[in-house]
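What follows is subunit A paired twice: with subunit B in the first complex and subunit C in the second.
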Partner chain A sequence: MNVLMNVRELIKAHGDIEREVYLDFENSGPVLPEVIEAMLPYLRERGYGNPTITHKPGWEAYEAIMEASEEIAGYIKASSFEELHFTHSDTEANNIALLGGFSANRKLGRRVVISKIEPLSILFPAQMMRKNGVEVVEVPVNNEGFVLENELLKAVDDETVIVSIGLVNHEIGTIQPIKELVEVVKERNPCTLFHTDASDAYGRIPFDVRELGVDMATLCSYKIQGPRDIGALYVREGVKIDRILEGPLGTESLWPGLENVPGIVGFQMASRLAFENLHEKARRLKGFRDMLITEILEKIPETILNGPRGDRRAPDNVNISFLRCEGEALTIELSLRGVYVSSGSACTRRLLQPSHVLLAIGRKYEEAHGSVLMKLSSKHGFEDIQYVLKVLPQAVGRLRSISPF
Partner chain B sequence: MSRVPLPYSQKILELFRNPKNLGKLEDATVMAMAGSPACGDLIAIYLKVDDREVVEKATFESYGCAANIATASVLTEIVKGKRLPEVWRIGWKEVAKEVGGLPSVKLHCGILATGALRRAIRNFYRKRGLKPDWMPEGLTLEERQALEEEKLAEVLSKRLKLE
Partner chain C sequence: MNVLMNVRELIKAHGDIEREVYLDFENSGPVLPEVIEAMLPYLRERGYGNPTITHKPGWEAYEAIMEASEEIAGYIKASSFEELHFTHSDTEANNIALLGGFSANRKLGRRVVISKIEPLSILFPAQMMRKNGVEVVEVPVNNEGFVLENELLKAVDDETVIVSIGLVNHEIGTIQPIKELVEVVKERNPCTLFHTDASDAYGRIPFDVRELGVDMATLCSYKIQGPRDIGALYVREGVKIDRILEGPLGTESLWPGLENVPGIVGFQMASRLAFENLHEKARRLKGFRDMLITEILEKIPETILNGPRGDRRAPDNVNISFLRCEGEALTIELSLRGVYVSSGSACTRRLLQPSHVLLAIGRKYEEAHGSVLMKLSSKHGFEDIQYVLKVLPQAVGRLRSISPF
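Entry: the complex of A and B
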């Protein structure tokens, strides 16, 4: 099969589209022009040196990394820029937190506790640890995706080294009351470290790592339209973490290798843009989000909202199941109409299993297969939302007309 | 969520957009289903067969991905005008070839459509109390695969309920 030819034909088949609305910021997205502008000098003429070497281009790189650390640390209210560590991605940051955090603190015990709705960059390393003899407990959530506190309390014991629960769920937008959960955990076992994957919270909702009381937090660049292949791990001062990769150390003690300076500078600029008028942008996003949710549930029959409503839901997240509609077919049908979304259907993955998050909140298989995730950006306008609301019923209608039930 | 951009062939996309022989066949001689909503793939095949055991018309309905819809469309085209013993010999590989190849993770979609077709043919003879000598007693690969997929979905959803 000629894969490349196929892909080219698929792209061509879209032809002239009336409007394009990109709603898949969960999985990737365009980098903002201001971010690209900020990065370009660091690719071309400035800071191209290795920051650990003693010459001017190296010191320029060093300066850029320190400035970015300071600014980003400020957005999450870290005590110092030294608590912020750049990583190659949010996936890597999650892996370091779990694997490196456990390794450095293994004398504290043999258990790791996560929730059932963590992203695969937490779930899979945890499963790997289980294979290596670590006790891994997955705490259930309620039908809106909130961690059950009594179950969490039961799961944490004297031997629990790390608890990892995401601040905002990547699929259904549940904003977890992390501060309360940290209190529950620390009261039971003050030695237990608390990590939160804040990839979907950073730049969308304000949070303060000291107020939350977490020991580690993962940040992500591409989800706020910064460059990909860059992320960060906040590690509270005094918390020990082992490296999970070895090699020549640079400005970081957490991972070896040459720093991605243009990426770091881009991440800094994307953060600055995201935090500018954060409250106002969140209010606008919530308006669009609720318009989509209300109109879709009202106008399209047999639809279910996945995740909570209102202020307990991330401002950019819309996740709806369309019954009698298979999700992969729906993503293609919508793509041909210029609306780009993702789905929790098994068919969009390499497994027969649909989204573990949707199953964990009690969705049936057929409900999970028909789910669509839309993530809004502050660049979207009213016309974009109207266009989605126009083509969605057409796409769903056509697929339902094909279905035997 | 969705991460693997599946390189579907242009033919699959075309048939996904404009499938042939779509819909319930009101005067069908026989029908069969394979898959289940729980697998995320359900296909119904309708056949109108004449006295000489020739397929006059075949249609389908599908709840499934683009590959599922495209393979069903192709299959219902191929069988037209053929006698049932000949139709029986159509394997999933032939169907996959006809749609311009299926991505490996989507092979089961082609198998499911063929499985539904073989079930329909079995139903046709069962209804007539006939046992043609060319038809194997045991399930063929395509039928087994359909059954396995249905069972797996059932097991997985049961496991879910227990938790």
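Entry: the complex of A and C
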């Protein structure tokens, strides 16, 4: 338990902090008070039954799940609540889309195509499939993270079962023109299924699954300040997917076991809050985002923006590389000042390599190691942004002053 | 949404109820107030970070997970907290034990042995494995649900990779002599891994994984009034298991994705409450259990107890068949009187057949269809038991009066 002792020392080292600004919505986040309030009754007052059992607490659970399905299906303009399948989280939804989608449609061929900048919950299952004999092609992107359409066209063949490309990139905020990419794929092979991980788009930018033309889309609750352990996979009517786990089936045909009713109700409320005045909130987020980007690039030397600017970038995403700064060290320096961010550094990610996304857009190792990812929430105010802009140069300055390079 | 309309009518039909007695802890249940109180701070005040990220809310999450692992590992006498792996629930733990356990050890052979009375989260993954070419043998049980040792000995061969037999049967409460069964298996084939689904034992009867000699054991939170969406798989040090899903890895090497910190903290508190005065609570539960069994069998004609009596039966389990009564109808009749139970009827379970457990112990179809499962909690009091004994004859009487048989 040595790690635990170090962790306790690190927590203690924080002492009095002037202000806390949480910017790590990529990896989790605090649940909104309204969401907790919506969940609480379902923990012990109502709907605490199993929705497949014929008694009052079971029927209440069933009702809650159906109402949430209908509301969430509406936000993405699905044709019916039956196209929405709750799963534990985005990781599970992405795994079913790839593994279960491939298994149910393997008569169509033996290839899966993803982009080089997909999240680990797509990249790693794809690598597992490759070990099991599936042909996995990773399509490159340009230096802003946009998928190269001619490379995509080359990658898709008569044997391609699934293409998976995220709607908004989780690290650098690139908003892919998914509708165009779906057309490229379907024109080449109309049987190929198109999946998009929309976890970083849902509740931040509006989208319509029918207009995009996707067959499957992953949604996630914790990225919009809903509870953990709940997400969903949209599956267009008629698309066949195999389960990857087995067990007792309730309301969810794709995932066995007891439904997480409080989580589903919380996801529903977090979605409702996110979609309220979505356009206005996105405009405000973009203002803060651009304020952070402009001031950091101007005031701190040797900094590089990762990902595109303007309307082609997610409104909440700021990703900047600080040269001569190790990312993990910077997250710690910032934490001690109450600012919580993540980094594409290999150390932070406990992987052998720094962010594969940053390497794919052409960043060098040292640039990727010094990257910091900040994701804004609509609850952030001007003072939060000013505080980040105050402490960031201090933290970077301190690290550079002790850097050997 | 016709089903939803019917469900709403059914909920409305309940009106004023004299007393509510929830007895369906087999399938879910209300979370204890102390558990909710323990979870609440982790939703938005502390530990709301991702435990792999180097900032305060992440370190707090890491600390919470490690402390919970250590405490829960202690309750089952594991050698180390590292042997405990959190999973979403018992369904996921059972799936990894079978699918991941087989995959990592497939060089040992091609057979899996289970009993005929395992839960669906064991039976269905085993059937999926059978479709994929694994030899699955189901060992029969006697009329009280005890595994036939000579049949088990015959089933285990040189090629048997895993044996999975539950410690306490989820439906009829049979407490298997697991230590003896492990000895039978290991004597025949020392390489065979022994898994036990201990979800129905954990927090109800004491057990020691080292003394039992099992290699893997499934634990579950919702069955002890903890939150849903959390469970654990104990894996003895040195036993190899493959992941069945892929994605970013945090503190849990067997399951990728963001850890459910509030759920883990809730599971820890539910465990603490369950293990407090465990022996005294078990004695009290047995009193209530035997009061229910004796009075029902005496006062209601044409009733049969399913499962053993006395110390060989789980202290919380009551399972009785009411002849000339359809189980689903009985759960509804009882619900309208505030008593919430489940049934082994095929209708309730939305399966083609009634409970495979009841059929395996020799019950006829009509006996299985009319079965009712009640699981007691240490929060139940004498008045609750008296209320059940008052309304049960009314409900059975009404159904029998309109029965065509």
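Everything that follows uses one rule, which is that the second predicted complex is superposed on the first by the 400 of 405 C-alpha atoms of A that agree within 3 Å, B and C clash if a C-alpha of one lies under 4 Å from a C-alpha of the other, contacts with A are read in each partner's own complex, and residues count from 1 in each chain.
In this section, contacts are C-beta pairs under 8 Å (C-beta built on N, C-alpha and C of every residue); 3 or more make two chains touch, one makes a residue touch a chain.
Everything numeric in this text was worked out from a predicted model, so none of it was measured.
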Message: Once chain A of both complexes is superposed, is A:404 in touch with subunit B (first), subunit C (second), both, or neither?
response: first
Task: Scan A:375 for contacts with subunit B and subunit C and give back first, second, both or neither.
output: neither
- prompt: Who wins on subunit A residues touched, subunit B or subunit C?
  reply: C
Field: First (subunit B), second (subunit C), both or neither touched by A:256
entry: second
Task: Give one of first, second, both or neither to describe whether A:54 is in contact with subunit B, with subunit C, with both, or with none.
output: second
Query: Just subunit B (first), just subunit C (second), both, or neither: which does A:10 touch?
result: both
Query: Counting only touches as set out at the top, which of subunit B and subunit C does A:354 meet: first, second, both, neither?
result: first
Task: For A:195, select first, second, both or neither according to whether it touches subunit B, subunit C, the two together, or no partner.
output: neither
Message: With both complexes superposed on chain A, which partner does A:62 reach: first (subunit B), second (subunit C), both or neither?
response: second
Query: For A:289, is the partner it touches subunit B (first), subunit C (second), both, or none of the two (neither)?
result: neither
Message: Does any part of subunit A touch subunit B in one structure and subunit C in the other, and if so which residues?
response: 1, 3-4, 7, 10, 24, 27, 328, 331-332, 342, 348-350
Message: Applying the document's contact rule, which stretches of subunit B touch subunit A when the two form their complex?
response: 1-5, 7-10, 13-14, 16-17, 19, 22, 24, 33, 37-44, 61-66, 68-69, 100-101, 103, 105, 149, 152-153, 156-157, 160, 163
Residues on subunit A engaged by subunit B in the complex (per definition of touch): 1, 3-4, 6-7, 9-10, 13, 24, 26-27, 140, 171, 324-329, 331-332, 336, 342-350, 352-355, 359, 364-366, 369, 373, 402-405
- request: Could you please specify the touching residues of subunit C with respect to subunit A in the complex?
  value: 1, 3-4, 7-8, 10-11, 14, 22, 24, 27-33, 36, 40, 43-45, 48-50, 52-63, 66, 70, 81, 88-92, 94-95, 99, 119-121, 124-125, 127-128, 222, 227-230, 244-249, 256-263, 328, 331-332, 334-335, 340-342, 348-350
